[in-house]
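Pasting the structures in now, so scroll down.
What follows is a pair of complexes built around chain A, which joins chain B in one and chain C in the other.
So, the complex of A and B:
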């Protein structure tokens, strides 16, 4: 097992390293051969580095960090993602749980859940901008909406998939409703809730970046991309994209870790071995 | 162990309750959004005063009017009495942007994204699920690229491809690709594996193995990936159209203009609501289509 993982790691490093070296070579050749003047819609863009070499990327990163632009943007965007995630999950999970437990509520809410499920969250942005202004609130609520739908469906499905035997056994042993919810429904639904949270986190990042791009109003990662795209400054765009990618990657790793911890008990059950 | 299917009311009752909830909420909204005709909003306390305005909560009949206007926008006379209105719906009607036309363009973009991105994604998933070496080399790179939100690339892609069709389609294709890979991969690696071993033991190989064993076994997973991909494709399409395109439903929602000037058009909530409802309906219809087709294609699973 250990050898297997070592080989996986080695091959992963090899392929990512090869990609990095290839980019280095391509950017060196590119900076000599690629045009620096580009015709765009109605005018020429001057001094465009289509493939910025590593040294200009490094320079740009140092500048963006030292000037505080990048750390501030990261902080603003990350805060939005997590505020939206918390708010969305706080609405979505309880609703999903109660929908799965109360049949009448499910029937009443079903058309609305379906409606929001098939509404691209970004389509709500103009409406939210109108209702809640261009500031923080509309972006956080937009993320929360996207997150609420995903976690609602996850919690609902999680409860629906609880084996009926468990519920009936508990009931016949005289467990109260509250006890069943705490000791059976909740732990059994937890894996699904966590995996829906992981999807929701990815979705939240997509939503926030685009929301910031479309209604770019204050220092944030999407705003940085929009600004850099308007000039255009490719090194800044590249640093922005890589930063977002790394943040998404880190968030996903954390979510995966939480999932593994939360479902550790499952490994004891022979059904999942 | 069967899932907890008990205590579900019969279908007729479910439909009735769902319908009742929609009618009740629409009726409540109609009353609320028309309240400004009865009470003078300026007399009300602050947060309610701000909300109870037709510019914020459009009355239901105005939403319906907007729908009729947008559907008929293509028939508006050109060169007739030209009134430059400058508002959201007026601007759209001037440009003869219709609801159905915008939906058609966006649907076309979504379908191209699904066709191109979906086939590339299935191919990548198949390769990674099938060969351990490919998996070990390519998976880390896939994860790196998957982490980048497709729309974040749009300003960079524009420098390479210019502002045109390919530029608008690329983020959609990219988004679909990244979504479809993983379900295909798991379908091939985790599910097909046991069948592959059995088929190999019976002497099947090569093409036969792929067409009769691997693809059918991974099929249900690919289909469920495709259903999620549809949602992502619509989301990306709307985002791209809001940012860059000069037609499509995202353009309709945001009321025209290019890039930075798009902020300056005051949005008309009636138009936005019409667009959102239309998007939800089309998304639902496409999902239902895939679901029905999928049930047919994977009928063997139930046996």
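So, the complex of A and C:
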């Protein structure tokens, strides 16, 4: 397992390093070849770095951190992601569980789930902005909607996939419905619920950034990107994108860790050990 | 002449048809009695409805016609009184050995101290000391099957229904499990129905062997096994054992 991780780390460093070197070369050549004057909207913009070299990126990073813009934006966006995730999962998981256990509820909800499953939650943005305003509420509800649909499906499928033999074994040992739900259905469905949470977390980041891009309120990562695009300042955009990427990566690692702990009882094939 | 032994289970003219695109008649008019402390084995080819019958006795299935009476009352749904060991792996993989063993006790509201005591006894009984906190993935197939048997024994059921419990194990582990089960039974003297397609297993363990016909299942013959107990490796090679084996094979040949 240790060897496997080390190999993976090396491979990751190698691919990132190679790309970084290529970018360094491209940006040095590019700054000489690319125009620094671009035509945008209705007028010329002067002094635009389309492919900023590393020193501009470094300067920009230092500025954004020292001014407190980046840390504050990270905090605001991350908070929205987790608030939306918590709210969405709190609605989606119980609904998915009950839907799988109650045929009548399933009939009632199934068409809605099928509909929302392939409708991007972001399509609701204009509606939510009108209903809930341009502030915090509409953004968090938008994330929660996306998360709820995904986790509902995860919980539903998780319960549906519980092998019949476990339910029969529990029943013949005299377990009540409540005990079966707590000790059999829930732990057996948990791996799928966690998988869906992991997907939902990625989706939450996509949703938050786009929501902030369109209905921007300062400070947040989406707003930073929108502002940098309007200016335009490519280094700011680059720093914003890398920050979001790193945050998503970190969140995914945490989610994966939680999943591994919650499913430590599972048999695993060596490749994923 | 009335049987001096107490009759616990009465299976009366049970027929079962699995509905579907092509309806399958699994059982056809089966009648059987099982007595107190008796070890009954049901043998028959795959698809002869043996599993269907024990599933009906367990209460997982309702027969298409006929009745199953347990102590004179019709069976309605599963109950811890009729312990069931599955053909498939039914050990709960997310629970430790200890939690698996005490699940039935937990379901019946047995207090924690009492649960601990029973679990400790069972762990010793099946020789799994030191594995209490292990997850099933750390156990071999034979060990985890034994945990399933012990999990059912924990709640002290009146009858044990074993549906090809060792079907998934290799021959060596299987014979070890049979020895263990035989010892367990001699200690506990429970009423048992064992379903198997292994004729030797049936003779080695049972007091009486019922032979089923191929689909639809009917009782074709009954053979009383009067081999002395405790049984051992020697039993498997005794002339009486071989004679029983021959007579059961003959019955099957006639089907």
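What to note about this one:
Everything that follows uses one rule, which is that the second predicted complex is superposed on the first by the 258 of 273 C-alpha atoms of A that agree within 3 Å, B and C clash if a C-alpha of one lies under 4 Å from a C-alpha of the other, contacts with A are read in each partner's own complex, and residues count from 1 in each chain.
Criterion: a residue touches a chain if its C-beta (ideal position, glycine included) is under 8 Å from a C-beta of that chain, and two chains touch if they have at least 3 such contacts.
None of the values given here were measured: they were computed from a predicted structure.
Touch criterion met: A:252 reaches chain B, while chain C stays clear of it. When the two structures are aligned on the shared chain, A:232 is found in touch with chain B, with no touch to chain C.
Set side by side, chain B and chain C differ in how many residues of chain A they touch, and the one touching more is B. Once chain A of one complex is fitted onto chain A of the other, the partner contacts of A:214 are limited to chain B, with no touch recorded for chain C. Shared-chain residue A:130: touches chain B; no touch with chain C. Of the two partner chains placed by superposition, chain B and chain C are both touched by A:165. When both complexes are aligned on chain A by C-alpha atoms, chain A residues 163, 165 touch chain B in the first and chain C in the second. Residues of chain B touching chain A in their complex: 1-9, 13-14, 17-22, 25, 56, 133, 136-141, 143-144, 147-156, 158-160, 162-163, 231, 234-235, 237-239, 242-243, 249-250, 253-255, 259-260, 262-263, 267, 269, 272-273, 275-276, 279-281, 283-284, 287.
Those residues of chain A lying in contact with chain C across their complex are 163, 165-166, 168-176, 179, 183-184, 187-188, 190, 264-267. Contact residues on chain C toward chain A in their complex (touch as defined above): 58-60, 77-80, 82-84, 86, 88-90, 92-95, 103-104, 106-108, 135-137, 148, 151-152, 155. Residues 7-8, 11-12, 14-16, 19, 38-41, 45, 48, 50, 103-104, 107-112, 114-127, 129-131, 134, 159-165, 167, 205-206, 209-210, 213-215, 222, 225-226, 228-230, 232, 234, 237-238, 240-241, 244-246, 248-249, 252 of chain A are the ones that touch chain B when the two sit in their complex.
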